[in-house]
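Per-chain numbering from 1; labels A, B, C and D assigned in written order.
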Amino acid sequence: MPYEVKVNKRTANVELLSREGHHVLIAVDGKEYNLDFEMVGKGKYSILHNNKSFNVEVIPGHTIKQYVAHTSKSTFHVDIVDAESKYLENRFKGQEDEGESTIVAPIPGRVVKILVNKDELVEAGQTIIIISAMKMESEFKAKKPGRIADIKVVEGQTVDARQVLVIIEDAIEHS
Amino acid sequence: MIKKILVANRGEIAVRIMRSCREMGLKTVAVYSDADRKAMHVIYADEAYHIGASPSVESYLNIDKILSAAIQSGADAIHPGYGFLSENALFSDRCNQEGIIFIGPSAHAISMMGDKITARNTMMAAGVPVVPGAVGKIESDEDAIKTIREIGLPVMIKASAGGGGKGMRLVTQAKEIKGALRAARSEAATAFGDDSVFIEKYIQSPHHIEFQILADKHGNVIHLFERECSVQRRHQKIIEETPSPILTSVKRYEMGQHAIAATKAANYEGAGTIEFIVDKDLNYYFLEMNTRLQVEHPITERVVGVDLVKEQIDIANGKPLNFKQENLRQNGHAIECRVYAEDPDNSFMPAPGIVTHISTPSGVGIRVDGYIYEGSEIPIYYDPLIAKLIVWGRTRAETIERTRRALQEFRITGVKNNLKFLERILLADDFVNGNYTTHFIDQNKEFLMQEDHCGDSCEDMVIITAFLEYLDKIEKATPKGMTALKNNWKDYSRVRSVLKL
Amino acid sequence: MIKKILVANRGEIAVRIMRSCREMGLKTVAVYSDADRKAMHVIYADEAYHIGASPSVESYLNIDKILSAAIQSGADAIHPGYGFLSENALFSDRCNQEGIIFIGPSAHAISMMGDKITARNTMMAAGVPVVPGAVGKIESDEDAIKTIREIGLPVMIKASAGGGGKGMRLVTQAKEIKGALRAARSEAATAFGDDSVFIEKYIQSPHHIEFQILADKHGNVIHLFERECSVQRRHQKIIEETPSPILTSVKRYEMGQHAIAATKAANYEGAGTIEFIVDKDLNYYFLEMNTRLQVEHPITERVVGVDLVKEQIDIANGKPLNFKQENLRQNGHAIECRVYAEDPDNSFMPAPGIVTHISTPSGVGIRVDGYIYEGSEIPIYYDPLIAKLIVWGRTRAETIERTRRALQEFRITGVKNNLKFLERILLADDFVNGNYTTHFIDQNKEFLMQEDHCGDSCEDMVIITAFLEYLDKIEKATPKGMTALKNNWKDYSRVRSVLKL
Amino acid sequence: MPYEVKVNKRTANVELLSREGHHVLIAVDGKEYNLDFEMVGKGKYSILHNNKSFNVEVIPGHTIKQYVAHTSKSTFHVDIVDAESKYLENRFKGQEDEGESTIVAPIPGRVVKILVNKDELVEAGQTIIIISAMKMESEFKAKKPGRIADIKVVEGQTVDARQVLVIIEDAIEHS
């Protein structure tokens, strides 16, 4: 069964042709690779291809289909696309805006200051909240004008990465 | 003689200090905050005392708690490391009052060098060149305008109590003076509780070169040559090296003599650093004195062949210096790279988290000072410095090649870090040619943010690896029976007949 | 100029060679046996070629397979490391015939130094002192008796083609001569296919001191001072140091000159080692020449400040030496500890297996050369050397203290190893005082086999930890529902009611 | 429930009194310890007791009840004894001889030479088999006189640790 694999901006068709022990025959965008593929640690692989030695380490991302992969030179973001992913992708196409009205902590940290109140109207670019991590403060701003629908944290609170901090609603819709 | 040392710090420097203590047969005491119970310095120490909640003000900056741990443990000395309380005159004093040796200078020396105006005046009196500027603090706008007219634009307005770039404002045009003054004062007041500022000539394209000094209790002072610290991002040093690629031996000698004079003028005891700002014509000016061990001290250790922490302890014990100036030499070249938990691709945002895997480089010429281990957490509360790579080579060229090799071997996963950014610096022409100032990062931004291309088949290998890892994971997640179903039709019918029963 | 090097070896030395190649911008080619597919040198190299089954004779000693990998990969040079084919004259010759540079001496030099009698005669002709003994091989029992009468008992009967203690017999009494001769001949015939033996005076309580030399293709020869290698168990070196604790600067100078003379006499090119046997009065005698890199080369690198592998490659490239004798110095002191996968508690039985965890020491003065990683397998087929710890200090005393600290930090689990045995050596008075000969291990056996006492509460901590780990394991192994039952009676009744439905 | 734990030659009574998170109250031979007990890696623990810092690493042995434990200074062999272990111990008491008539590989290696044939009578101390590992050859000898009942391996074969190589029966019994 062929899969699509996205790496950075490229989408590649991948088909596993055969796998016996460490011998792997696999095609990427129609190009066949005959590999000696060995795991040498958790998520760490040694690959020999035509006697060239490659080392790739893959780390699970937020879902089972996402990985961050490292070679000695570069880092890649990889997504495995299967039928389910495709369905979800199509379903949510054109809805990318959706996430824009919430402010999410990109890193774990501590809420230093909340500069808005609930129901307050804010401008695009207005600083909403300040998070501190490792002696550095980062300001988070509204991406578009709106109304503060909810503030999910309080000053002094420790937050995790990806935690929702503030929800901003489209002001026009609700005014 | 000191027998037990409490290390009032955390992270790599706490571990590094304890290593030297252990070599000297001294017992070590760690202190830790909530976030650091499982930190390396707690594991490494002979004893460990909890001193409070995670934010530094409630733990590593809490003088009472640290002193009470010292007393409880029976430690006869405290090593403050760098940062936290290391340049806190009150802490030095309080240790004294409790009869505990503070491994560092006296409260008086710390205060004197901590106030930039006093330090500046002390240096001028000792004949050490300072950046042209006002002799004292600026009292009014008129005062500022008059001073700036005397020394000429551009100038830098600086907080007297300053450090780390805070309370600093560059003025290039006369009309900016008043606004800059107001901004600098307000920032200084917020950051240091003191709005005193002074004015210095702004040195364009400067180098940041510092001299390591050691001073004992018997009036002996030596310097251990320079460190070139011009590779900085937002006043944060990233890479340091010694010898400096721009110094001549004549200048080195002169600056060394001035560093010793500066140290003597401060009545200083212990290890310290005299920072100079150097222009492209090698004119140099006293910038400030750091009255503690520096992050970058290992490159001096490597090239000069000393253990600076042991020297600090010997000095605190009242021993005369182990070296005479004429016996010290710079052997070869050393570079330090600071590994930060930060995300270069996302405006160097700090990146706390859990380290899932770490491979440290080793072999000829490599030293790594760190404190993280697999599974260890890098907390959100403290400095993003997670490791230091110190590389020695016979020549500067060899050291650069070796540093690149070491960076390629260095791998930390789980937390974002600047290892690849460091590798790019080591590849940048300006760095390789030794032709860089404190503007290096800004001037080379485009080059530094590029990634090495990994090649077509390399990218395919990445795709294949992630894909096979995914298949393995799916396989494992699938219940045993299901796999049998997929793989074996005979089993399938057998299962079906069982289900029918 | 060499652009790509095949490393005809495995383990730590293969990785160590590749590190220097990478620093020089050279491509590296690994070869590997079945057992080594996942070995570090394969992972580290740019290319890797499978050369056969696990036993060395079928892979790392297979000249044809290695040469064919070299040709296929386009390597222009081969580095043999130590052991395996490194002192094989035929291999050096075959490389030559294929137009591939052998990084090492000519076949002629290898052969000449490989035959102990020829080497001995060459040295005598060059004025290098040799152990008093017969000038040639022993033809008959009468010959032997006559020779022994001349040089006096005790004597050592040695195989001409010998090495590693094989074909050697000590004779202390006249009546033992015939039996010893027969035993030595038979062992030599089995081990080397050549039963030639010769007789030397037996040096009691000897030191084993070797000089590192470098010789280029232009007739320049330098030495890089000595290494003291007297800490041995069954002719296997365990700890080496430089400088030697017993040499005077006069003796060092003399021996250095003789080492250079010996090298010139052998028409030698590349890196090599002149081994001397030294008695308690510092009389020294040529023992043998090792025509390759030594296991213990890093202590010389550290103290003299060179990368010997890079020097080897430069010499192979035809470059003149990078140093003049008068510019070389010994800076400080260095000790190497060899970490073996062996079980000191069970007569040092080899201990292959899978490494479950490894913590390597780091910080000031520490270098580790190794090749194992977590999860890596140490195969049954090869040398038990798994890592080398190289420690530098300003003085011998500091180096010993630092080595102890490093050994305490060093932890390898999953395979038995000699780390604690090494620590005991560093604590032994005879070692600390620098007062040891090749009999050191035997004479200190009792002390070395003791364990540091861990203390009563420490033993209780061990009991508690194992016990809690056990409880956790039991807990995990118990099905979820069962845990619920045990912990919560409310849940229990809920589960019961579900079951009733 | 109290357990017995054997460490080297000592047998200690251990009772877990309470455990909440990293706070452990436990008694060893009646001595109570109030510990701060934290796992810092697989099988690796940091223990604080009266502010003293201990580090213990435990590695599973051949059964779930056996461990090898390392501190910075020493290595220990630890056995957990529960009712089941005690029963087995009692049952097999006085039968320690049983294992003596088999030669078991103490380490993985390669069979270099087998010096006996099936049914051959051997003396105590006679070399039976030679195993090579890591360039070193080890000879294994008969512990008491007997008859070679079975040879489980052939020359050149690779063997695992604890693999049975040769079985020697009591010669008198069967003669």
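Just so it is clear, contacts are C-beta pairs under 8 Å (C-beta built on N, C-alpha and C of every residue); 3 or more make two chains touch, one makes a residue touch a chain.
Since the model is a prediction, treat every value here as computed from it, not as a measurement.
The greater number of contacting C-beta pairs, out of the two interfaces A-B and A-C, is seen for A-B. Annotation: 31 Å between the Cα-based centres of chain A and chain B.
Chain A and chain D have CA centres that are 48 Å apart. With centres defined as mean CA coordinates, chain C is found 38 Å away from chain B. Multi-chain contact residues of chain D (touching two or more other chains) are listed as 41, 52.
Within chain B, the positions touching two or more other chains are listed as 373, 408. In terms of which chains touch, the assembly is arranged in some other way, matching none of the line, ring, star or all-to-all patterns. Contact between chains, per the stated criterion, is found for A-B, A-C, B-C, B-D, C-D. Listing the residues of chain A that touch chain C in their complex gives 22, 36, 38, 40-41, 46, 48, 51-53, 55. Of all residues in chain C, those touching chain D in their complex are 55, 341-343, 346, 349-353, 356-357, 380-384, 408, 411, 413-414, 420, 451-454, 457-471, 473-474, 477. For chain B in complex with chain D, the residues that touch the partner chain are 30, 37-38, 42-49, 72-73, 373-376.
Interface of chain C with chain B (complex): residues 15-16, 19-20, 22-25, 298, 301, 305-307, 331-332, 359-360, 362-370, 373, 394, 398, 401-402, 404-405, 408. Contact residues on chain A toward chain B in their complex (touch as defined above): 3, 5, 7, 10, 12, 14, 16, 19, 24, 26, 28, 31, 33, 35, 37, 41-45, 47, 49, 52, 54, 56-60, 64-65, 67, 69-76, 78, 80, 106-110, 132-136, 138, 158, 161.
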